[in-house]
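There are structures below to look over.
Two complexes are shown next, each including chain A; its partner changes from chain B in the first to chain C in the second.
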Partner chain A sequence: MLLNALRKLGGVLYRLLSVFIFLAVWELAARFQVVNPVFLPPFSEVAATLWKLIRTGVLLDHLLISLQRSLLGFGLGLAFAIPLGLLIGWYRGFERFIDPLIQTFRNLSVLSLLPVFVIFFGIGETSKVAVIFWGVLWAVLLNTIAGVKNIDLSLIKAARSMGISNYGLFTQVILPGALPTIFTGVRLSATSSILVLIAAEMLGANSGLGYALYFYQSNIKYPEMYAIIIVLAVIGVAVNYSLAAFEKRTFRYREELPETGSV
Partner chain B sequence: MKRKLAAGLLLALSVTLLFGLTGCGKKDGSTAQAAATAKDGDGLFTIRVASQTGFNETQIADELGYFKEEGIKIKYTGVLAKGVTEFQTISQGINDAFIGGHPPNVAQARLAGLKFVAVAPGMVDNPKFPHVRYLVQTNSPIKTLDDIEGKKVAITSIGACTSGYLQYYLKQKGLPDNVNWTTLSNPGQQEQSLTQGLVDVATSHPPFAGIALAAGGVREIATSWDILHSPGAGLSVRGFSEDFIKAHPNEVKGFAKALAKARIWINSHQDEAKAIIANKLKLDPKDVSVFWYDEDLTINPQYIEKWFEIAEDIGLWKKGEIKPTDVYSNDYAPTSL
Partner chain C sequence: MTVGEAKIIVKDVNRRYRIKQRSKEGGEPFLALQDVSFTVNAGEFLTIVGPSGCGKSTMLDLIAGLAVPTSGKLYLDGRPIEKPALDRGFVMQGYALFPWRTVRANVEFGLQIKKVPRKERREIAERYLRLVNLTGFADRYPYELSGGMKQRVAIARALACDPEVLLMDEPFAALDAQTRETLQDELLRIWEETKKTIVFVTHSIDEAVALADRIVVMTSGPGRVREIVEVPLPRPRRVANIKATPDFMRIRYRVWELLQGEVQEAREVGRLHAELPEEAKERPGEALSPIAAG
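Take a look at the complex of A and B:
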């Protein structure tokens, strides 16, 4: 019993070990001046700075506005991409027609489009949300299309043989079948909505994590800069893990890949 | 066994990553000295600076042979990436001298632990060649700086000569500071946004101010001169790390002297100076904005004090954290040319 608990604890610790080692190397490299501590302040100093940013409420202001932008862009992206993806996946002819355009757009870097977003959407909130919208769009869209297309044909045939209507086929076979794949796209997009946020907040922002990052860098405030980077990393990880957990609970019917490696 | 191996690999990986990220520079300028001490075959001492994308007196001094007279050769190491400071590249051993920036930048570097000192002035504010021009759309209801209350004012970032001067102005006039600051960090983006009507006022710097006015559709309501009435309002400074100055005091003196000659020459030969820069940057001379340079051989202490006052006002640092005399030294300035 105790042994089991210990083993479990050991397992958890082992999963975090790589992070701890990284932080320790970071701390020591800065402490012993293996690297210039001005440019890489020790982790403890960055952590203290982070605490200061939390305590003074500075971080919360930036965080809230960033999350608002991310969620809005992400939500709009999903609302647009999932129906469109279902449509494209359902009508093969339409897919052949639209695919070259999708492939071209999806390979355009958001960064290269920033000036275009400014021209069309200005420098207010609209352009920031639009950048995030663009950033999340493609993963969801392509996964939705793939999800619909890859549904087991025998399922469709079986349903058809039972005389199902087109509507019924869509709601009872296609949608449930495609959902797990769609959700993978959602997960990927959620992460990229955070990543793209940084670029978005360089468009005429006065607040937000991306703005804070730029501000601290150009004002040579490196501990604050690293603190913001850590916050971004934590958000990214948190979003990804919570969506993964949700996915695991919701889509139990999806076959799990066997765990690789023996560790 | 496997775990140990994995942990070892990870350790190695993180060490490489950390070193790679920070360029492995142990202390400020130590690598810089090692690289720069070696004189080349021509007997000239190499001083490395960041490549310029606009007018800078260093290129003029170089072109006119002023550096060579002091036994110095200038090497341009490439344009700075966005957000990267000259102080960072010097500490990484890429450059030796900083040739851009205002006194508060040196102060902020020092506060961060990077010991830099300005040894020469650069451009200064001048009614005919203003450092900052406040631009609005031609048909804007904004007539003077008193009208910017509650308006959208574009700045490149929070700084003394962006938001600072205007806040100083509002304070002097006893007006409320409820300006809606909008950060547009990309060069030229302020002016573009002004033309599009996305902001009400641009705090425009050369060369974009000149380009925007020439392109039309915008007009000037005031300049930095109108706010501060002092050449100091535009003061840029040039300098080195303390370590470099300690190791090469004579070369620092030579550098300061060459720049002083160039400053005086530029003020009396503006068209020739523009032509030199245009040729170097492969631009049309009419697209090059010339600056007015400080003809003093030394850095004026009052100018620095003014910058400090404004920087402290906008909270770049707390009063007393650093003194104006910390950021500059006139010990290396020429006494005659």
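Take a look at the complex of A and C:
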């Protein structure tokens, strides 16, 4: 039992080893002035600054406003993209009609549209939310379409053979069948939407993590700048891991190989 | 319901498909079924056997109401078949279980459509899982089951709504030989217990003979009924035992001959065609018809 726990702990430590080495190299490179410590302060100093930002509540303020923008844009994006994707995926003719437009828009960088959003919505909250909305929209839309299109036709046939109504077919077969693929789109766009938000906040905002990042950089407060970058990295990892864990738990039936021995 | 009454009547059914235009000569309609007529008696085990492309699966889709004939009529209990309903259960080769539903929830699917209350649904599911020997697997997901078990679930799901007719489209084709034989025996047992009418499509002559009361032998291009063969083998049967009897061999050979004859005939038509003068080849119908020739 104890041996097992130790082995497990060893496994976790091994998984984190590369990160520790990276931080150590960072610390030493700054301490021994391999790089200019003004541009890259040692990790310990950045960590202390980060703690200060947490303690004073400065970080929390920026974090909350960024999260609020993210969630709002994200929610709106999903509310729009999923129903539309289900519709497009189901009506093949409509898909052929709309697909070129979708392909064009999805390959258009969100940031290139930022000036347009600023014209329409100003530099307030709306333009930030709009950027997130746009960033989330296409990945989720395309995954939803793919999810509907790739549903096993024999499942539809089985349901139809039982005389299911169109509404029933949609709620009992199409939606649950497409859900795993839809969720993959959600997970992929979640991390990218945070990246997009940071860029948007850097370009025009007076609050939020992106704004803080830009503010500290232009005021030569480099330890604070690095502290924000660390926070962003942690958020990215946390969001991705928790969504992946949720995905694995919710859609465990997708696993190809049985966990328990089958007869 | 007495055995022997006509349950399903298939009358002069034609089914034409328009093939999608791939090559230049494409776009021509393809005749999947031509003038197909047969009757399935109540409580009968009828198998349909034929080579791939003979339209036997199409036939089953028509009875299920999943497709409509180009011409001709189908009746169930004297009423025309128009759309799918729970009076016919459908079992497919690929199991078609909903992967996000547990075994129990899969079996309950049709009952949910029927709006059977939850408690009752559970009891019925339990009963049919017992019938297919899957008690204790109710909370598993399909991915945790072997192919044979999945097909048992599919059978339980089809039976749970208590259909009068069970339509089976090559249900055991993807299983290994041993599992297949076990399931054949179980299907015979279930059939005898439940007194359902079964229409069973297969491309295996052995399977068709071992299970059936009568066999509809179909031939391809276009799909037609070649002959309907009676199978007067004793019941109840065990597949392994019945296969060793001389009667089984005789019927099996007869069906084989019928299917083989189709190939033979196609060759003969080809030879005849080759001997015709050039101009007649372009209008073979006219050349063969004395009226047109005159």
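Things to note:
By our rule, the second predicted complex is superposed on the first by the 252 of 263 C-alpha atoms of A that agree within 3 Å, B and C clash if a C-alpha of one lies under 4 Å from a C-alpha of the other, contacts with A are read in each partner's own complex, and residues count from 1 in each chain.
Heads up, the rule we're going with is that a residue touches a chain if its C-beta (ideal position, glycine included) is under 8 Å from a C-beta of that chain, and two chains touch if they have at least 3 such contacts.
As the structure is a prediction and not an experimental result, all values here were calculated from the model.
Of the two partner chains, neither chain B nor chain C is touched by A:Pro83.
Using the contact criterion defined above for the overlaid structures, shared-chain residue A:Asp152 touches chain C, although it does not reach chain B. By the document's definition of touching, of the two partners only chain B reaches A:Asn206; chain C does not. Of the two partner chains, neither chain B nor chain C is touched by A:Gly10. More residues of chain A are touched by B (comparison of chain B with chain C).
In the superposition on chain A, contact is made by A:Arg160 with chain C only, not with chain B.
Residue overlap on chain A between the chain B contacts of one complex and the chain C contacts of the other covers 262-263. Every residue of chain A that touches chain B in the complex is listed here, in rising order: 14, 17-18, 21-22, 25-26, 29, 33-40, 118-119, 122-124, 202-206, 211, 214-215, 217-222, 262-263. Contact residues on chain A toward chain C in their complex (touch as defined above): 152, 154-155, 157-165, 168, 172-173, 176-177, 179, 251-256, 258-260, 262-263. The part of chain B that touches chain A in the complex is made up of residues 2-3, 6-7, 10-11, 14-15, 18-19, 21-28, 83, 85, 87-88, 91-92, 108-109, 111-114, 154, 157-158, 181-186, 189, 192-193, 196, 198-199, 316. Residues 64-66, 83-86, 88-90, 92, 94, 96, 98-100, 109-110, 112-113, 141-146, 149, 161, 167 of chain C touch chain A in their complex.
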